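In what follows, a structure is listed as structure tokens, so that the remarks can point back to it.
A, B, C and D label the chains in the order they appear, each numbered from 1.
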Amino acid sequence: MAASPAHRVRIGMIGGGEGAFIGEVHRLAAALDGAVELVCGSFSRTADNNQRTGARLGLAAERIHVDWQTLLEDERQRPSEERMEAVVIVTPNHLHVPIAIAALRAGFHVLSEKPAALSLAQARELEQAIESSQRLYGLAHIYLCYPMVWQAREMVREGRLGALRKIHVTYSQGWLGDGAATEGNKQAAWRTDPALAGVSGCMADIGTHAFGLAEFVSGHTVNALCAALGTHVEGRRLDDDGDVLLRTAEGATGVLTASQISTGEENSLEIRIHGELGALEWRQMEPNSLIHRELNAPLRVLRAGIDQPGLCAEAKRRSRLPGGHPEGYLEALANLYRDFAAAVRRGDSGAAEGVPGILQGLRGMAFIEAVIASQKSELKWTPLAADSQA
Amino acid sequence: MAASPAHRVRIGMIGGGEGAFIGEVHRLAAALDGAVELVCGSFSRTADNNQRTGARLGLAAERIHVDWQTLLEDERQRPSEERMEAVVIVTPNHLHVPIAIAALRAGFHVLSEKPAALSLAQARELEQAIESSQRLYGLAHIYLCYPMVWQAREMVREGRLGALRKIHVTYSQGWLGDGAATEGNKQAAWRTDPALAGVSGCMADIGTHAFGLAEFVSGHTVNALCAALGTHVEGRRLDDDGDVLLRTAEGATGVLTASQISTGEENSLEIRIHGELGALEWRQMEPNSLIHRELNAPLRVLRAGIDQPGLCAEAKRRSRLPGGHPEGYLEALANLYRDFAAAVRRGDSGAAEGVPGILQGLRGMAFIEAVIASQKSELKWTPLAADSQA
Amino acid sequence: MAASPAHRVRIGMIGGGEGAFIGEVHRLAAALDGAVELVCGSFSRTADNNQRTGARLGLAAERIHVDWQTLLEDERQRPSEERMEAVVIVTPNHLHVPIAIAALRAGFHVLSEKPAALSLAQARELEQAIESSQRLYGLAHIYLCYPMVWQAREMVREGRLGALRKIHVTYSQGWLGDGAATEGNKQAAWRTDPALAGVSGCMADIGTHAFGLAEFVSGHTVNALCAALGTHVEGRRLDDDGDVLLRTAEGATGVLTASQISTGEENSLEIRIHGELGALEWRQMEPNSLIHRELNAPLRVLRAGIDQPGLCAEAKRRSRLPGGHPEGYLEALANLYRDFAAAVRRGDSGAAEGVPGILQGLRGMAFIEAVIASQKSELKWTPLAADSQA
Amino acid sequence: MAASPAHRVRIGMIGGGEGAFIGEVHRLAAALDGAVELVCGSFSRTADNNQRTGARLGLAAERIHVDWQTLLEDERQRPSEERMEAVVIVTPNHLHVPIAIAALRAGFHVLSEKPAALSLAQARELEQAIESSQRLYGLAHIYLCYPMVWQAREMVREGRLGALRKIHVTYSQGWLGDGAATEGNKQAAWRTDPALAGVSGCMADIGTHAFGLAEFVSGHTVNALCAALGTHVEGRRLDDDGDVLLRTAEGATGVLTASQISTGEENSLEIRIHGELGALEWRQMEPNSLIHRELNAPLRVLRAGIDQPGLCAEAKRRSRLPGGHPEGYLEALANLYRDFAAAVRRGDSGAAEGVPGILQGLRGMAFIEAVIASQKSELKWTPLAADSQA
């Protein structure tokens, strides 16, 4: 309700029918600041589901499309004042690139769920499509849109930690740990199916979040890694867990751990970075606090909020409320939508300021491929090319 | 975006222009689930502010009204399919009742910021107006809409704690503690002006939240109290802090503490309830956890989330995401809007199920009056009549 | 083992036989730094228990005495180089003063468990006996010997908090909450028997700890209070819980809460002090951290340890280990023994530097009497004379 | 003071003069329960320091020895009723084995600081000496003596976690991170000197603690690892940090991280173990809590204390106080001394029940050697022989 309907960016959604998780999350978060407005969608291959979802969302019947191709084609032909401006892709992984490229070519901006692609090669193809299109491409690395993540990044940039030495990042979940319980779970099914999810399960689904967070906050580029992946449930074909040693081009080392079979864990994404002069620690499940350790000084806890002392501008503008009024995951995604919509309105192309984009996508794919290569290798270190980093 | 525009409840807002805090909070939260749609408003007595706010929110010029009387009159005459259905009151305290009563009489549902009124007598007048109106009245006791508050209430109801012995509730803020810093702060100004805020400052502003939470979770009725209030900033005319002993009709005792001059505190609302068989502890700044102590068993931590073990239905349906994806203050207020809108759609009157209402309003006013009476009294105990409790 | 046996202060113990709790705690803590050596004792009125305890502690038969009178008489006649120098009193409350006075008159230093006496009058008698005796008197307010409690006190003294506004102190236990479970429990029995414990149960047993901590850290003198006590178990004759409003001579207000029927609580002593410029928060169950809030700055956590930044000398010398090697309750009591023994060796009299003494004792008794008087009064405020404060 | 002097085990100490850290820690902890008595020592090669230390500890001049050889020789010839029974070795690493073997051969029990040896071969030599000697050998893996570590181990043994999947253990310190600050620091000097510390710095000093904890709690045997070590301070010759992937013979995987250059960290040893049915998490800096996650149940927090619900016997008997009276690092070491002394009194040989011993020593050395080999290897996995595990 916060932005004038006249200024809202008109979006369409592909995927996100009933039974899907992340589509509804996008709709909730997108609504928060009112920066966008849903004008059309193709939510499910199942006609019933598609219709019901679109109707529930208040779409006119003619803007609920049977498939994504039809959606793009139909919207392209509408008058500019009602035409969808950007498409949100919340399908299983294998459709991310085909839809994104088609949409860009049809003249639409794209906001895609991650991973950006199924392979690094495919991500490079996408990168080219973005460049040719003069359109925006955003990638839903939601965790990069929390205020205290920006605060951490800014403190690293300012040199508050000195030269970085160590990066430890962990993303721990338990929901795929109980084989029996995940039978019949649609979310579990596609995430563990190579045809839909790609070459990796856990590393693609959440390892890339941890990887992206580590590079984003540290400003470093991982250039070698050593992975030990595992699969813990009978019949599962992709990794559901892994531990990965990291080395960065700038001289830091560390560990990335990601797991979806860690019984009892909810959604525990945590990062600790140690430098010569200080250290930072952030936990997604208590996202409004950032722990700051300094050489020869007591530990400090910086707190999110529009009025909180010690925060940089980027952190403050990603908060809506005074300190002590907790904001969470939906607000983080809403931050992404707000910045994406602003970039659309400004007429920007390529990357939307403040929004993760194809660079994060390329890095994520490079990470997945290096992890899979490392898992197959007997050598300790597998390189991860830096050329995908700007 | 989650509800069909056709089903959204049409609301108008009174108050909430630029420089106001809670109006924008309402707009953000209301947007989250898309259960309501803003169709008109009268945001400020200052014409410029009023116009700018309405325009920014996408309202047509004819539905941005110069004052609340005009708004009610104009909307009443519109065709039913476009007419505002409910009015949200986010003005300073002294206008809550006049607007609410006029709106109810004009046939509109009312959702009011708290306190419900400036006095218990005025709250009773309001109660009568609600009863005569056959309309809904909701009161924005936002903290009562957190999932884990409902979980706590349910566990008390189920007898998990046995007979309750102790209730300790604290609401601690620091923002009014620095006299110099609050000069020129509009929020601070009206909250400390008796003409606008009523007979109490801190107790009315946040003490009532603590009081409402204590009665809501415990199910008990406070029937006597002993207050020690304070004013800590030169020239301030209302209490900015206070400690209050409590006794309930059902036999529990405890303490309510509220402060707006506790340097360094953000928005620390906490409640601890001890019974014969167990205890519960909840902290608003980490709202997704509920600590449960039991006789002869290790402490447990229940967690919010649509998939979390041990939660009652009322707690689950107030979560949107799986465990570990933090939800916060805006989501709590969004829960209130969702339930209020559903009650409007069902055609209910009086109290909206799941939404705090006039009963909380009456209790809050009774609390404020008893606290002020106790502060002036040399006797230890001041009664708080139970007749305002259903 | 740390001090030379030749330099150890020779102590005798009265009370602390098998089945007693605090006597063994004293022996453990006293041993830690080796500042004292047990040379005699009268541990129990039950001859068997007395003998077994003494023998287990390695005492010669002739220094295990049938009663405390015999102990004092016998030790007085021993040659100075083997004679007990100080007596530790760990009996039920009613014997504290009789033994202390007799011991002082017999020329021995005294270290007494708290409360110092059964009444303020009795405590004044004791005060006189101390003054006449030229001997030392220490009172086992153990919680005042934690390093971070001294750190907090020092920060208040230095003016880091500015003028103090609020003092909130809570001491919450659950072990007397289950009537059935405490039957046959010796500890529970005497603590709830007026003949042995005095006029108050919970307030005397743990309320005095909370009170002492509040005055010690704040440096303020409570001069009025308003108490609401309770008794929750059938047949119990003393208070087992209470909430008390406080006012200090220096202008702060606050609340003291003490409870032994708070189901599920272990030993939760917590204090929060707010001043104009900052605030401190300390929790006995995590004693090595001190939370410091400042106006317009992020929260800091000071940490105990011989090498930790920001600590005052008094805090550092009450730590034995580098930060991160947790020290606890026994170490706090060991700090008290270390300071008491050092004062004995220096030949001091009256109060031992760094050790709580008769002043805390007088204040504790004044508090108990005021609380009981307040409980019986219909008036809100009951004065607490300041003349017991130096 | 708790045990009769007549029953105390007579110990001598080698190392631990002024300026040393761990020797004094041993003396403090050993004194707590009074299970041992220091009768002789050779504390420093520097005569002054040696004499001063011994005198301060109350030793007769003839039992303060110029070197460890003299100590062993002299004590051997004393009458059995005054002769030292066990020797405590708290020297730099390179002397651990020479002294231990000589002491065992001279008929003394040995309690050694860790690491047990400088190499696996040397540890095997020591193992033989223990077997031939019919004496006890204890190794000061202090962290294995915390009550909640035993509780965790017991819960794993009972199958509460099901088959273990993941083991993550971290030991993070910052004190060697500031090169300048560690100049002239004696502790820092020998730990980073290969001649005194052996082939590894950080991994030997604290990595072995983390490794020992992981194997102890899990009951698993690490059989392969992949190490990435680092050295961060100019001129330092040994590792001061490292990350190590682990695989166990029983099928779990995980990561061990140890660092002494993590700015701002105190002594952060943490372990998380995930199994099919549940998970445990323990943090040395808050040692009295153990977090237990279960499939489909809320998280529980088990707490140390003689009266705490849910604890196994081994955990309870390693507590001295009721819950909420924090015990710490010295109490953990005191537990070790208590069990070691009891084994001496029982006349046991080889391993003392409840006390880490040569098995942990062999495993630690095997770990160090494997880590160093892995660091030099280009292959991912380096085996770690299981034959050093019973």
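The definition used in the following text is that a contact is a pair of C-beta atoms (placed from the backbone, for glycine too) under 8 Å apart; a residue touches a chain by one contact, two chains touch by 3 or more.
Which chain is which protein? Per UniProt: A, B, C, D = Oxidoreductase.
Remember, it's a predicted structure, so these values are computed and weren't measured experimentally.
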item: Chain labels contacting subunit B and also subunit C; value: A, D
item: Far-end chain from subunit D, centres as C-alpha averages; value: B
item: Separation of mean Cα positions, subunit C and subunit A [Å, integer]; value: 56
item: Centre-to-centre distance between subunit B and subunit A (centres being mean Cα positions), rounded to whole Å; value: 35
item: Cα-centroid distance, subunit A relative to subunit D, in whole angstrom; value: 43
item: Multi-chain contact sites of subunit C, meaning residues that touch two or more partners; value: 265, 299, 303, 308
item: Residue ranges of subunit B in contact with subunit A within the complex; value: 1-7, 21, 24-25, 27-28, 30-34, 37-38, 55-58, 173, 175, 265-268, 284-287, 303, 305, 307-308, 320-331
item: Residue ranges of subunit B in contact with subunit C within the complex; value: 161-162, 165-166, 168, 170, 174, 177-178, 226, 228, 230, 232, 241, 243, 245, 247, 253-255, 257, 259, 261-265, 274-279, 293-295, 299, 374, 377-381
item: Residue ranges of subunit A in contact with subunit C within the complex; value: 292, 296-303, 308-310
